[in-house]
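The letters A, B, C, D and E name the chains in turn, as written, and every chain counts its residues from 1.
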């Protein structure tokens, strides 16, 4: 069984945490925001999302490389919205999500405040898509591969240039067979904001609900198509998957294809056209005969 | 080709279609081939008429085509096919007819010299891998009984260094010979 | 420029002056000819008169040997061989089944990745690559460029020049200072391989070609085909008999004209091997250039 | 619960000979929901339709599937029948078991099985159809006619005379088209200009016609009854209102050696020019490519000498936006270009000309004032060879079709030549003589019998020049392919009529289809010859296929009557197969998430944003809404909608899903 | 055992390919019977889910066809479709689904002969590839119960 490479160290504690806390405290004190969304330690050395509404809660905030969960998902939740305006402890993947959400009219200007650390350890306070796009490239960790990477030896079927279609099929069949249809991937994904997911619509029931081979395959194909050109590669889906399916590989594959074919990369600008809702007369393919 | 209709089974036209992909039905008898053919007035049937003979799918008319002199006089200059509005590859058809006529022994009596030439030419290649002009000419004279032809020309050519006395035998001559024999066998098998 | 070279049987026999002049010119314009080893005859018109498979297998063996040299371009100066080779590539590329059948016959690997090139295109490229500034002695003659059948037909297969009114040889002639004429028989057939078997037909066809060239004031015919040359030059006696008149117009290979312009001597270019004397033409040239100098 | 009726048509032998129709009906009866299933010889006949109507009433059908021909053929027939029986017409669907089954497969069980499958697919679809009402849209009663040749002129006049407004757009400076270039017309030998120019003047003076000459269509949006056309009025550089047509400018222009397009390159014109003396409008145009002022900044002779001060060098192209209800496309044909015939020396020898050039030579208003003089030296040719089928019926040159007009005009050419040069010899090389038409064959016979044209059956292989003569090498196939060589002074090629080079681009602007030769396609080859597949756009003349004058005029009148028929209604009803965004109960109001992907894919800008508010007017959320007037029903929005919040009537998600599942 | 007869489901646009297939019929050209056509208004309407559903309905091959670029009755539906298929096809391939079994084609209303050729070559290709058991094995019994009226 293939296993996702998980970040296990949890050691790289951000040194400038205090500066972040300080800025968050100021925002709460000034009443600019009513809640700070960040990460805190949970049980079993796990990281959990944390909502700090009082200055004293801020001491529990942490930020290290285990903090993969994409906090952008909380911005849309009515329960969180009810708490008031939020400031979010921001990592580059989260900021990319915000840009993409803005491109899709799902983040309004100044809806929230994002607190990020630049490479010099200064706290940046961002709220507009324009500000985010301006600094995103220079933030630490913004260029590296953020999500889990498959190693070619464990997933030979997926290594570049593999022509063994059947091996690929077997690989994914095995992976998807473990899916229990808990939809944790969907819940963890900031781009999965639909009010009613396709899988929940039943007239017609496009995707069978029960967890079995065909339904699982169709579900994951649909999810990949729905995220094509939109996934910002935060890796939260794979992180959230209890069965350890490397879901982000599929999304990342399509993101790469779309960048190659159409030159568009999600999460880089709020003014981006969605790659699949525009076209060019010069789109080139070889398979339509 | 969709325009091809095979009304008569195993007619010569049908065989041509099977073997070369050329459909005699495509010809609409405009005569452009004959108009451009350098030899149209020298032959028994101008090229468009050869196709006409084949268009019936009738064995008597097919035989006329096989026994025609045209197919042997055709120079394969490809003027006809280059200008044919219906894209009929007439030289390809001529090749087929020649091969069939030769194989079935139905060649026109006047084609004797031409066949003799081809035999001498191919014989020369089969022996040495290359064409040996002097040997080929001598062999042709023997086959065609045309000893007097070009009697005056040969010395001039020799004088100008244009004819060699000895053939050049290539290293791969054996291979070339195998190739000749194999194609001959294949031809035999399809017969 | 370096190309594979397949001279063919004629060029080592009755058309040896074509080979000699091509080699001589090549040296001057830095065209490196790598003769492919152990080549065989392409089968010419007899090959496809006798057997379709044979007519493909013989050229295929040559192509396979050429591939071994690793050179992308294969120069085939004889237009009859050129036509057979390029047709073979065309037919085998279109028919993989036939290709494997032929590969078996020739007992050699066959990729068909060699570009079969004729002498006109290669000379043009080589002269351009070399820089055409070294015209020592402009070939200041009115010439009728005679392409014949095999360089331009079938157009779909050879894909060379304009099939009905080619100009590449005319351009080469212009480049060496000649005046190419517009005439009507550029691509008419000379009778080709029938020279031995149906001499009287060949003579008739050739007479018409010479007649038109002479009527338009050509001083010489230029050709790139050993068959055409043989018919128009060697068969001159038969032609004159058929036409009932004499023709003094010489027939030169394109390489010989270029060679003269580049300053090579008539002997190096094999002009002495022709039946129809080029002497008067060359003498006239000397005269006219003298006149030019004086005026 | 659905109550579906299945009606299987034999179409005589057309379906019945290949498909076991009775078995199809029998198999269909077992599909859940099917309560009635019969087969019948001709469903579209009166008794056939009655069969359907009675079953609808008696069995209380909620849906009907007619398994017969293509829905593109008879869907309206059967829908009408259902409606007459009281069933909403959109509850009737057709299974195409003729074009897609019986005509393309051999008789056998598998073909019958396929027919049954196709019925099952449509049964599952029709179960999910819902009753719909046609959409009513207003009609803009102005017609746009594209092209001012004889077809466009005729269509414009017919529409205008019926009291409707017309905007006639012509790309050239004058209307008239090819017909204005012709000398005399077969089979009556009427002078072309004599019969055409009065019509041209009528166009110019008609109160209902707005003539936009020297103009081209930029784009066309909208739909039947409601098109929006953008038209580029190219800058003439002459103020049409001020210009009196005095022709001082054209006489004084120093740039005189420009080949005249009107004279097919045989005559010359000036840089400021009127294409021909009878031009409509008779106002000059400056050809800025050749104008000395535009090339060097100096000259301006025309401007200085114009008594009306009408020359406007600074004039720019103008874009006009016009609402129109219908379009008549009459953009005509072209003749093939000169590099087409290397073997005939066309383009190389000046005395090898095409038919249009010959028309100009023969025309009294042409460069030779109607005398047949050859272009090279102006001599009167003693022998003229005419080649029919020069390019037509020539697969190798990509033109498989017959150009239709050449046989007739070639006979006319030979005849005119013999009339004008009594001692001359006229040879015509032909393949077949196609002279179907009133007085047509008689005309050809006259050319041969009375006027002595020598017809040779065969194609010409080659033409070359020798000693001032053109050597024409042909063959006479009636003499067994005997080579024929003719020494001619002039050769006239009846070059193929081809679609105009701009045809493809125009078709794309109009969203109409065209065939592989770029001629525009009619909606049905027999029954709808003047309509296109795009409602509200009609065809007239040779843009559809090569045609002679009477045919072009007839088709133009046909198109005009179609336009008038359309304009006779104030409102149009349109198929209601359009998209809609779902609405659900609060607090969601719709499953639309408001991502507006649909907005960016919609070609008709039919997606609007709708803000849902509380009763107090507080916005809750913004979702998509389809403007039913603009939506054309392509369904691209449906396919991109992630949540399937948008759906398309007639091709809904549940219908297509069920159709696929019906094949499981 | 009789020869394997592939099951092909075709999704075609109404204006070009459906009309082209009508022309195949009016021209009486013959082609393989294995195809079942489902009519859609435009290739833009052809949801990738339909292709998946066709496979889960047991199709061994799928044809998707519409107007040539530039010819779309609705101006641009086929361009959107083309882009969508480019992405969808590479996704299927990445997941190891046999993309050779999905034939995409442009067939215009004038190309009756091409439609016959598209069907015939697809049937021949699928015949060569064999039944799509690999995929069909994913479909457990009773899976598609949701399909009920």
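Miscellaneous remarks
Just so it is clear, a contact is a pair of C-beta atoms (placed from the backbone, for glycine too) under 8 Å apart; a residue touches a chain by one contact, two chains touch by 3 or more.
Everything quoted here is computed from the prediction, not taken from an experiment.
Think of each touching pair as a link: the shortest run of links from subunit D to subunit E has 1 of them. Shared contacts of subunit A and subunit E, meaning chains that touch the two of them, come down to D. Drop subunit D from the picture and the touching chains left over make up A, E | B, C.
Chain centre most remote from that of subunit C: A (centre = mean of CA atoms). Interface comparison, B-C against B-D: more C-beta pairs in contact at B-C. Remark: subunit A and subunit D have CA centroids separated by 53 Å (rounded to whole angstrom). Averaged C-alpha coordinates put the centre of subunit A at 70 Å from the centre of subunit C. For the pair subunit B and subunit E, the distance between mean C-alpha positions equals 48 Å. Multi-chain contact residues of subunit E (touching two or more other chains): 29, 48, 53, 56, 70, 76, 80, 84, 144, 147. Touching two or more other chains at once are residues 163-164 of subunit C. Within subunit A, residues 204, 206, 276-278 each touch two or more of the remaining chains. Here the touching chains pair up as A-D, A-E, B-C, B-D, C-D, D-E.
For subunit A in complex with subunit E, the residues that touch the partner chain are 157-158, 165-173, 202, 204-206, 208-210, 212-215, 217-218, 221-222, 224-225, 228-229, 250, 253-254, 257-258, 261-262, 275-281, 283, 285, 287-289.
Subunit B makes touch with subunit C in their complex at residues 19, 38-39, 42, 73, 75-79, 81-82, 89, 91, 95-96, 98-99, 102, 113-114, 116-118, 121-122, 124-125, 129-133, 137, 140, 144, 149-150, 152-153, 156-157, 160-164, 168, 170-172, 175-176, 178-180, 182-184, 186-187.
Of all residues in subunit D, only 2, 32-33, 70-72, 96, 98-101, 103-106, 108, 110-111, 114, 117-118, 121, 124, 127, 504, 507-508, 511, 513-516, 521, 533-534, 577, 601, 603-604, 632-636, 638-640, 648, 650-651, 653, 656-661, 663-664 touch subunit E in the complex they form.
Across the complex, subunit E meets subunit A through its residues 48-49, 52-53, 56, 69-70, 76, 79-80, 82-99, 103-106, 118, 134, 137-140, 143-144, 146-147. Those residues of subunit D lying in contact with subunit A across their complex are 588, 591-597, 600-601, 622, 640, 642-645, 653-654, 657-658.
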